Each structure stands twice: as C-alpha cells, then as structure tokens.
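Have a look at the structure below, then the notes.
Order as written gives the chain letters A, B and C; numbering starts at 1 within each chain.
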Amino acid sequence: MHAEARSGLFLTAPYAVFLLLFSLFPIGFSVVLVVLKWDLVTAPSFAGLDNVQHLVVDARFWQALVNTFLFLAIHLPLQIIVALTLAWALDRPLLLRAFWRAAFFLPVVISGAVVTILWSALYATDVGLINGLLARVDLGPVPWLTDPAIAMPAIAIMATWKNVGFYVVIYLAGLQSVPRSCHEAIELEGATAWQSFRHVTLPLLKPQTLLVVTLSTINGFQLFIEPYVLTGGGPLRRTLSVVLYMYRNAFSYQKMGYAATLGLALALIIAAVLVVQRRIIGSAEES
Amino acid sequence: MANVSFEHVRKDFGTTTVVQDFDLQVTDGELVVLVGGSGCGKSTILRMLAGLESVTSGTVRIGEREVTHLPPRERDVAMVFQDYALYPHLTGRQNISLGLRLRKVPKAEIDRRVRWAADILELDPFLDRKPKHMSGGQRQRIAMGRAMVREPAVFLFDEPLSNLDAHLRGQMRHEIARMQRRVGTTALYVTHDQMEAMTLGDRLVVLDGGRVQQMGRPLDVYGAPANKFVAGFIGTPPMNFLDGRLERERDGLVFVCDTLRIALLGERRPDPTVHSGEAVTLGIRPEDLALADAAGMGTIPGDLVLAEVLGATTHLYVEVGGRRLIAAVPSGPSLAPGTAVTLSIDHSRLHFFAADGSSLRQDGIDP
Amino acid sequence: MRRAAFYVVLAVAAATFLYPFLWMAATTFKSPAEVGGLSLLADQPTLDNYRLMWVRAPFGRALLNSMLVATSVTLSVLVFGSAAAYSLARLRFPGRSILNAVTVAVLLVPAQLTLIPMYTLIVQLGWVDSYAALIVPFAFNATAILILRQFFLQVPRSLIDSARLDGMGELRILFTVFWPLSKAPLAMVGIITFMGAWNEVLWPLLVVRDEQLMTLPQLLTVFSLGGGAGPRQLATKLAAAMVLVVPVVVAYTFLQRYFIESMASTGIKG
C-alpha cells in the first residue's frame, strides 16, 4: 500500500476506534436501551415499548419539560436584551474597555458548580446577599429558592448572569461588522438613534441573535448542576430538569433503559425546538 | 433647493488643524467640486456640511438656516458615500424608500418618488434585488436613487466613483451629471480625480493641506492656475516644470535652466523690469508642446526616451538638459528611443511661478 | 456630563458581575454571626471556614485529580487530535471522507443522547471509580479536530513537499512543521479543552463515587449538598468554592484576552 495511505490509516486509527467506541456505539446503543430494562447489576431484560409508554404518562417528565420551557421563556429574552445592551454600550471608544469586557465575561470561565454554589449563597433567604441588599431598601426578604413559583425564574436569572458575557462578545463582534457608513446614511435620512438601531443594526445582527438563541436553548435543556445543587429539583419539582431526572434514573433508581429513553426523547425535543427557532428567526429576516 | 455657505470654517482634530479658514458660497443648483489629494480636507468639509463631523469654528448655512451645530437628521441633506452604504438586508427598492418610510411619508407618495428615481436612473432590472446581487455600478445608482427621493436641499457626493473600474467610472460620471442637472439640486462633490472634477463641476475648489488653493470655473483653473500646486494637479498628463531663472537679453526675456535657454516670445510673460534675475519655475502643459521640424527661436532640443502611443495621441518623454519633459502630440510616424527631437512651444500658454509657488503676474493678465 | 453618567452605569453593570465574587471571598473569612452582612471586611476575620472545609473533605487531593484529568485530556486532544486532524487534512487514505463526515455528524448529536449508553459502557468495562473513566471518553474531541483540520488545510503544500523531500516522516512533519505554525489554534483548542475538562461535573458524578478520586468541581458539589443551610455551613461551602475559583481568577486576570478570544471565537465563526 502507498506509504501516505499507510501513515494516514496509522495516524487516524486511534481516532477511528475512539469514534466507534465512544460516539457511534453509544448512539446506536441508546436506541437499543430504550427497549431494555436494566439495572446494570443483573442481566438486561427486553421491555418492548414499556419505557416509551411510561414516558408518555410520566408526570415528572412533563413537569420537567414545562420547567425547561419556563426557564427558556425568561432566560432567552433576558439574555438577548442584556447582551445586546452591554455590547452596544461597549461598541464605542471607551476608557478601560478591556476591563469592562473582562468583567462581564468573568462568570463565563468560572465553573458552573462554583457559580451555582455562589448563587445558593446569594439567594439564601436569611443570610443571602440579595435579600441583604433588598433589606437595605426595606424590601423582601424574597424566598428565592423555596417558593415554587419563583425558584425557576431565579435559576433563569442566574443562568443569564453566568453566560451573558459570552454573548456580549459575540454581539460586539457583530456590531463592529456593521459598516459605519450605513449608520451615517440612515442618520442623514432622518432616523433617530433608536430607528437606526431597529432598522439597520438589529436586522444585521440576525446571525448573532440566532446563535444566542440556539446556544442558550441547548444550555437550557441541559440544565443539571443548577437544580441539582440549588433545589434538588424542588420545591414541588418545579425546578426539575430533564437531565437531572435522567441522572437520577441512572444513578439513583438504576433504571438504565428508562434513563436512555429520557435521553433520546430530550435529544429529539431539542432538535425540534431548534428547527422551529431557526424557521422563526430566519423568516423574520425577510420582513 | 438652496444655496450653501461656509464662513471661516475651521476644523481641528486634537492639535492638528485639518481645515483652515474655509469660505465658500454655493449658489442654488450649482455643482461644486472639491478636489485635492488625500488628506487635503475635502471629505472633512463635506462631512461638516452633512453634520457627520463637528465644526471647530465658523458658520455653515443651508439656505437661510444656520446648520453649524444641527444634527445630521435635521439638515435636509442627502449623501452618496464612497462605499455606497446600502443596507445589506434590504432590496434596492427598500433601500431607496427606507428614509421616506421613517419619515412617515404616505405610501402613494413613496411609490411615486421611487418610480421617478427608477425611471431616471434605469433601476428596474435590479430594483428588487439585494445589494449583494448587484454590481458596483448598480449599487451606485441605487445609492443615488436613495439620495434623490429625499428631495433634499443639497446633494453630497463623497468620492462615489472611486470603487468603480475605469470604464464604469466614465459612464457613471455622465449619469451623475445628467441626474443633477435634471433634478436641479445644489450639489457638493468630493473627488481626488482631477478629470472628474474638470468634467463635472460648474465650479472647482482645489484644496491642499486644508487650505483653498484656487476656486473657479474649470477652464479658468486649468488655463490660469493660481499656483504651482494647482497647475500640477489639474490636467493630465501633468504640467511640466522647469526650475531656472529669468534673464534679460536685449529687450527680450530669456528663461535659463542650466544649459537650456529658451527665448520667451509670447506676449504673456512676466514683466522684465520686475522679475529679471529672479528664480522662477516655468510651467508648460504637455499639450502645449509639439514636435518641430527644425530648431529655432524659442524651441527646445532634446532626446526621445520613450513614446507611449495612446491612440490618436502619443505621449513623448523627452530628456532635455538632464530633465524629463512630457509632450502630448498627435500620433504620427513612430520614433525610436534615442532620436534627437526638437520641441516647439506654444508661447501664449506658458506659466510662471515664483519661488513660493504662486503664479507670477503676467503682462496685462492676472493669474 | 453624559459621558460620566455612562461610565457610572457601566460601573454598576460591571459591579453586578464582580461584586458577588468579592462578597463570596469576604464571607469565607467571617464568623457565623457576621455571615450575610454586606460589608467586605470582617470585624473578626477567621480562618475557621477554611480549616473546616479542608478537614471535612479531600480538597487538596481533588485539586490534584482535576489537574491530572484536565491536563491529560488536553494533552491527548492536542497531540492525538492534531495527528488525526493532520491526516484528515493532508493525507490521502481509504476511509478519509467517511471519517470526515462522521466527525461532522457527531457534532450534531446532543450529549444527552450518549450520556447513559456511555455510562453503561464504563460500568461494563469496569472503569467505575478510575481515572480512565474520567479521561478516556474525552481523549478525542470532534470540535477540536475540525478546528485544527481547518487550520491545517491552509498550510502551504510546498512546506509539506519540501519536508518530505528532506526525508521527514509524517509525525515529524506534524510536530516540527505544522505545530510551530499553529500556535494560535492550538492555544485556543488547549484553553477550551482544559476549561471544559476542568469544569465538567455531570460525568464525574456518574462514574466516580470514591471521594479520593473526585474532581474538584465534583467534590465541591457533593460537599455543598451535605450540611445544612446555616451561616457556618454557608461560609464553609463558599470557602470550598474559593479553592476552585481563585486559580481560575488569577489565570484569567493575566490571560483574559486569550480566554475571551478562544472561547468566543468558536461562537463568532460558527
């Protein structure tokens, strides 16, 4: 065989094996697991469509989905508005610009576990920072993590705090790619600053907005450490996420088949949501 | 439609003065061209009129209104940018009409104006495409359409043809001139291309280093440049310059430059009583040099270095006493490099410049 | 005047992101009575919280574990990943296009889908509570390979040809010719991979139960779940978190440009 082909095969063999074992096999096996019942200790048994049937009527699963959509309903608009505002603020000659940017970006590099623990302290009802600040202006205390209606929104705010810096950088790059002459042109045409933003800047930021929405959505469906540490999924399962539920099924209840079913369902739901989002944002571009 | 006036306008960027004491009165419907090299301040002046740059001191007026410190959106000017500044996400039609839609102009009126611009500029084939599907010339026309439908008091053009290829540039030059004449709006046009300036302007303003070098009609600026800069900038190929001095000879005047002695025969020459012995620069335009059959009074002998045949005209590069002159002559039988040639001068079209670059007063004629 | 107001607003925004960290650090030095206060300085500073934290759980060991895992994963991704990327970019061999296609396809699959099957695989391999479980599944990274491959495609062919004529083998070419040219993407991939491995928490929570083998974020999580919600427990948990945060913040302070550019550029290009 040709020497180049030999080298190529040799150099990529480990990667190919890896893909087989840790990518292709798991994908295939996940579908197999759906029809199995297995606790990892005894031998797996065939369960037919039991797992799927269970999923369809599983109140916890649907509650977790509702929780996730609530999370997204708050997190997505918040993320876009805050990131865009901060990026707009940074898109000008500024003193210490690198400092502001680094400040907003700091939570992005910090581990999710740390951020979650930090916010468990911030949100603590009695000794937390937020209620402490509110007390200074005679407000609260707010039961951030113990009130079923407030807990998920509280997590949504925390998630925004953690990630917005990343999207500030993304939007900033987008803002800087809008030609200055376009702004000048529309200004001469009589547009106010807001009109210029709405008719020129915003439409040209469509790709960035799509990215924000896509990544934040995926992030929202992948929530795990936040409910795990902050609330354990409560109160009243109002912060239960699908991934947390999946983890419990695998680790605590040892129901591999059902856990895999949850995983597959989640993957399909994410795909569907992303497609819909792309349609909505993509088509808005035409108007 | 309005007139435009700049009074003692000055622009500083930090400690650098970019535009010095600029005065200009533009009459209603006039097309004035600001021309000069890069950094001469021409774009800055235009942008100060638009409100895109602040004015350090001085007054700018459009019509009766003083606009010096008004924001751009209140000035009623429209601008065609060098990069066209079209909104990439909108079609040509939407690009043109956006400004009107923002100002809440009724739809019927918008359609009427867009149709009017589209007819004059022949926009129909690409009116509903996005800029990325248009050629440079098409984008240019959309940008012009956008300026037109505003029916502003003043049109501003900021080097609109610089990004087009040479052939298209010529075509678009005519479009712009035609459009402006037809619509009759006052216009200020900035360019570094002196040919554009000469062909488009009702009046030229030649700028260098933030100062006006000369203002006037194209032919006046061409025929009677006020200084060496203007003389060398306007006209292509550029004017030939020879540094030397004037000497009196009997009752004639001779221009001496090293070994070269040219008798000045025409009536247009500096006053011998005033300028004899002075260091002067002699300026001759290539088109005022011709091939002579034989040497004689007031001719220049030289050696041909290169002949560039452009078609009906040929540019001859002639070495004369260590200096190189360019002559633009009608094409004729070809000449080999190295041939000795004699150039004859049109003595009625000589230019003289003092050591400081200013044009010397010539008998009876003001520079 | 407007400028000043603008900077004030910016400062408030920045404070929103920075102040909680300062408050967290301050709280770790407070005694239970002072915990919850807004002041950044304790009246009676104490190291009790750190002592308690250090004693209760093997944080030092966890730090080492995290370093080991993150470094191993990063090295593997950089070395083996660039070998794979190089082959995919510049070598012709049977199966190349399939491998390329699979690499791209794999990126479309959400992690949730493969999580449980991978877990069962680890259990079947007997790798529960082992470093192998933490490192091997991350030894290759499709995103990294794609980024590196993209970059390697742009290296001029003439460099490879002249190296081959000099008699260099492929690995030699990769490390002596390509690597020096690829400092930027390698650094970028390195930072992203390291940060990802360092912060990964769900996977260790599945495959590691032994406290001695837990990674730092994992131990931190487990630690914070125990105990109550009283002020002392809060301060102790925060002290534990500080162990994880401080090195990162220090690195970030000096290298923030690299962090930001690396982590965000995948988003900007994608």
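As a convention for this text, a residue touches a chain if its C-beta (ideal position, glycine included) is under 8 Å from a C-beta of that chain, and two chains touch if they have at least 3 such contacts.
Quantities reported herein were computed from a predicted structural model and do not represent experimental measurements.
Enquirer: Could you tell me which two chains share the largest number of C-beta contact pairs?
Expert: Chains joined by the most C-beta contact pairs: A-C.
Enquirer: Quick one: point me to the chain whose Cα centre is farthest from that of chain A.
Expert: It is B.
Enquirer: I'd like the Å distance between the centres of chain B and chain C, where a centre is the mean of that chain's Cα atoms.
Expert: Chain centres of chain B and chain C, defined by C-alpha means, are spaced 61 Å apart.
Enquirer: Using the average of all C-alpha atoms in each chain as its centre, how far is it in Å between chain A and chain C?
Expert: Roughly 17 Å, centre to centre.
Enquirer: Which residues does chain A have that touch at least 2 chains other than itself?
Expert: There are none in chain A.
Enquirer: In the complex of these two chains, what residues of chain B are touching chain A?
Expert: Interface residues on the chain B side: 50-52, 71-73, 75, 77-79, 81-89, 98-99, 102-103, 146, 150.
Enquirer: Could you pull out which chain C residues touch chain A in their complex?
Expert: On the chain C side, the touching residues are 6-7, 9-10, 13-14, 16-18, 20-21, 23-24, 27, 35-38, 80-81, 83-84, 86-88, 91-96, 99, 102-103, 106, 109-121, 123, 136-137, 139-140, 142, 145, 169-171, 195, 198-199, 201-202, 205-206, 217-218, 220-221, 224-225, 229, 231, 234, 237-238, 240-241, 244-245, 248-249, 252, 256-257, 259-260, 263-264, 267-268, 270.
Enquirer: Residue numbers of chain A touching chain C in their complex, please.
Expert: My answer: residues 2, 4-9, 11-12, 14-16, 18-19, 21-27, 29-30, 33, 38, 40, 86, 89, 94-95, 98-114, 116-122, 124, 126-129, 132-133, 136, 161, 165-166, 169-170, 173, 211, 215, 218, 221-222, 224-225, 228-229, 242-243, 246-247, 250-251, 256, 259-260, 263-264, 266-267, 270-271.
Enquirer: Which residues, counting only chain A, touch chain B once they are in their complex?
Expert: 179, 181-182, 184-192, 195, 199-200, 203-204, 206, 285
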